[in-house]
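Listed after this line are the structures, all set down as structure tokens.
Next come two complexes built around chain A: one with chain B, the other with chain C.
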Partner chain A sequence: MIATATTGVNAAPARVPKARKTLLGHVPIESPLYQFHPVTRLIMFIFFGVIPLFIYLPEVNFLLLWVNMGIMRWGRVNINELRKYMPVIFTVAFFMFIVVVLAPGEDPSYTPLDVGPITIYYQPVFFAFAAYWRLIAMLFGTILYFSTNRERDMLVAMRSLRLPFIASYVVGLSIRSAGMFLEDFRTIREAEQARGLDTKAMRLRDQVKLYMMYLVPLFSIALRRADEISNALFARGYTLTGRVGGGGKRADYIRAQYKLRTRDWVLIVSMGLIFVATAIVQMRFGVFSIEYSPLNIYLKQLLGIPG
Partner chain B sequence: MSIAIRIKDLEWKYENTTEFALRGVNLEIEEGSFLGIVGANEHGKTSLVMAINGLIPQSYNGIYRGDVQVFGKSVRETDAVELASQVGLVFADPEAQFTAMTVEEELVFGLENLGLGLAEIRERLEWAAEVTMISELLDKSPYDVSGGQKQRVAIACVLAMNPPIIIMDEPTSMIDPLGKGLIFDILRKLKEAGDHTLIVIEHNVERLVPLADQMLLMWQGNIAKLAPTRQFFEDPSFLIERGVLTPEVSEFAEWLRLEGYLEEGTPLPLNLEDGVEITRQVLEARRARA
Partner chain C sequence: MEGQASSVWTIEEGEVRKPGIVHVVMLALFTGIGIVVGTFGSLAVPIGFVSAFWPGQAVQSIGSIWYGWWGGIAAGLFPLISNSLSGSAPLPVSIAYLPANILQGMVAGWAFRRWKADPSLKDGRDWGIWILWGSLVPNAIGAAWGSTMLVAFGLITQAAQLTTFLGWFIGNTIPTIVLGSLVLKYVSPLVVRSKAFCKGYWA
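Then we have the complex of A and B:
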């Protein structure tokens, strides 16, 4: 330990970056998930995003969340980075519960429970609890997608699904513009801070005022950017109609680098089957309805609530 | 040699401005030549090159008189795809010209617009990346590379499209000295290959001079001087009055001449080697006399 620490120059191994920056965060440089075609990954995103809509059981949604986490782990996502979503997760929980406690709605079937000085109603609280896990399951599906897919993967997927070039191009440009917007925002902030402005010491009201003031330069920068982008497009021979030189078909070089393989089809078909099965089972038989929740049943027994 | 670009009585005023940005420009540029453009800020350099690649008047509103022809065809009547395949323009701010998520996509975008096939796209992509030394960056976001690399990416995008005319508008204005050197290395390679007509706007005359066949001075929306590079710098005060710095070695030699160490009529040196050579001769002449 002593020997290596003092050798200085040679001691530190070359730092190999593990993650690549994207607009919304980072994606791992290498991941077993990348063996799947971007389309498969997009379908997986839709799968995990939509399936909680059919599932009211908080237990199952909780499980889904862990499945998502498991895939992220396997996909070499830096789990520590998920901490930045903690505020969202807690804020949503906080607001949902505040709402059901303060405004539970009126229903004769509700069971009042006295918790210290306030009265809460069991049914809306449990319903909010279940809804919350649905939301969180969807959120984790989204996090999984954006921590393992770059903007480029998204565009390749869209184009593979035969969306017209212009559609995916507009999406791409919007993402880019959003990125530039954030970048410009940072620049303006840094400029203000360099001139001695300390936002941390400010009251919230003044901070809000300050952000409003940022809007003016940001807006004029955005206008200029729009001009610059349209110039750039023109200079590269882009026409909004998507017409290409020679009048032929547009080649898609990036997409051509990806191929749908057997494993993609296997995954897509399985996800499709699970999805259809879940939807049918829920819509016909209500298997994932809230009354079947073991936690719900247990709590009702505990509190002596009938039904 | 045939004429690549022919500008006749070009006048241009941006909408919402009071003054004309270009006021009766006449210019012919030979195919395969290297033209350096200098001039103080706001004197119409950028407007001139935008008129050559068709951005003016196709993307800007304003008053347009006269005509600009590229290979005999008026740019007003040529569509974006065809223009882009003939005139490549690299802007001063590299970030302003990016539209894609990775450097590779950025390069490929223009090639797809030209309607090329996959094999040719790959070939051109690799070639352009190699010439501009960005092969390592293909997988990165064009925003996450250094300023010098960004500009090389921007140049690669234009090179890949292989237009016979390549214009660069202050390509090194946002780059450190080492990065500037790399850009001029690329320009030197291009000039040596001799396949392109090159037009470069640049304040850094020291670097431009060794490459340029001809120099052009923009002043108040018009051409104040157009001459082969050596002649262009013969009257330094004319340039200095119009906000253009001449190479420092020329100023040094000019001083030698004013002090009487240098014979009248000796051509002024434009680069360091010539400057050293002239100084050596002066010193030797003095030693011989002593």
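Then we have the complex of A and C:
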């Protein structure tokens, strides 16, 4: 009897996670990007997100965009998940160009160009073109980070940079709570559908009204959750300073799980040097100014624009 | 009516209010709500750097009315993340928006405390304060600062600033009035009874 019972029950095989759920999607756990410390990835985010500010050459920003895409591919990010940004990418371009066509400004040095029935001006249009690629390069730096990192990685990076407990706790909880609210939102919608609500049959105005009404239960859930979480934190002895009751420092378990290795230092120092060098050559010598753009020079020659 | 409205803000005799961990938790949760609402808004109807329908501003104004400076901090913090997630503004630009985001959040909180308006919008005076100081003034500040920053970053020309300002102002004001009014009207009665509600600016 005993033998039957022991042989008849088999433990389920342990589930091995194959992918990490990042803030914007899923990335395989064996992605080479995870060989780097979360701090290195955060500094990479700042590097790619900020460096286009010093670069006005559309060619270089276009190259930066491809570097970002290359890193995402190398890091095994599902590029198809970036499709949700397509409307933003196209509407930004449309908005920028429509604005320079409608409001080009009044500068006598601008060169008018007749395109069918409308007149556009070369200088503001090229400026918008260059600004667009700067913006997209910065955006992809941001998308790269959020596509490959979880809130835990952000938390580790902030703790490793010795940010105060309260700051890292607020950022960590706020990102996690965004996920919780999305889950609550789904639950509310499913509960409505289970009661027979058909949103497809509703008029747009009613759909908007319904969307607004979702916020009422969401806020009510937030109020209840704030009480629960603060009571739990109080029960565990957490204080605003991050110190334990006796005044000593609380052990930082999560930070202890990660170590900065040589490859992290090499990448951090390299990015730091490139960043500083780019900022200096642009601010002192204007090397990345729009006037030096090969495309700008070529188009000016083609259209016979002086300067 | 005045007495009833002022009772929401009046500190009772013997009542001790001080900031606690519940406020920090509420700050984080409110930031989370702001991230969700702001990201959806930016992705829903994008018209470039601005959204034709950004309900995030409603969350900013409501936050400062209910939670004072905690709501103001959330108002500054959540666009940094929601703009990044939605792709509507890169990090340096979002950081440049920070002062205006805090200010456009705090204006409503200041006005409601200054004139002792009821967050549940019980009479015409409360509605007037909400529409002027919770919707129109904050969005005018936000749109003016935001469009100036876009010029400063070299992302739009000076000539395009007015068009951007108008798109921004209209795209934020309409959802603020619609969404903000609904939430204030229906959720405020619950909030004012909660521990996290701030009669003052910090507690």
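What we mean here is this: the second predicted complex is superposed on the first by the 268 of 307 C-alpha atoms of A that agree within 3 Å, B and C clash if a C-alpha of one lies under 4 Å from a C-alpha of the other, contacts with A are read in each partner's own complex, and residues count from 1 in each chain.
The rule is simple: a residue touches a chain if its C-beta (ideal position, glycine included) is under 8 Å from a C-beta of that chain, and two chains touch if they have at least 3 such contacts.
Computed from a predicted model, the values in this text were never measured in an experiment.
In the overlay built on the shared chain, the residue A:175 is in contact with chain B and with chain C. Comparing chain B with chain C, the partner in contact with more residues of chain A is C. In the superposed model, A:100 lies in contact with chain C only, and not with chain B.
Touch criterion not met for A:110: it reaches neither chain B nor chain C. When the two structures are aligned on the shared chain, A:54 is found in touch with neither chain B nor chain C.
With both structures placed on the common chain, the touch criterion links A:233 to chain B and to chain C.
Legend: residue contacts after superposition of the two complexes on their common chain; A:225 is shown touching both chain B and chain C. In the superposition on chain A, A:254 makes contact with chain B only, while chain C stays out of contact range.
Comparing the two interfaces of chain A, the one with chain B and the one with chain C have residues 172-173, 175-176, 180, 225, 229-230, 233-234, 238-239 in common. Of all the residues in chain A, the ones that touch chain C in their complex are 23-24, 45-46, 49-50, 52-53, 56, 84-85, 87-89, 91-92, 94-96, 99-100, 102-106, 124, 127-128, 131, 134-135, 138-139, 141-143, 145-146, 166, 169-178, 180-182, 185, 208, 212-213, 215-216, 218-220, 222-223, 225-227, 229-230, 233-234, 238-240. On chain C, the positions that touch chain A within their shared complex are 19-22, 24-33, 35-37, 39, 42-43, 46-49, 74, 77-78, 81, 84-88, 90-93, 153-160, 162-164, 178-179, 182-183, 186-187, 190-191, 194-196.
On the chain A side of its complex with chain B, the touching residues are 20-22, 150-152, 155, 172-173, 175-176, 179-180, 183, 225, 228-239, 243-254, 256. Contact residues on chain B toward chain A in their complex (touch as defined above): 53-55, 58-59, 79-85, 88-89, 91, 93, 95-102, 104-105, 108-118, 121-122, 125, 140-141, 143-144, 157-158, 161.
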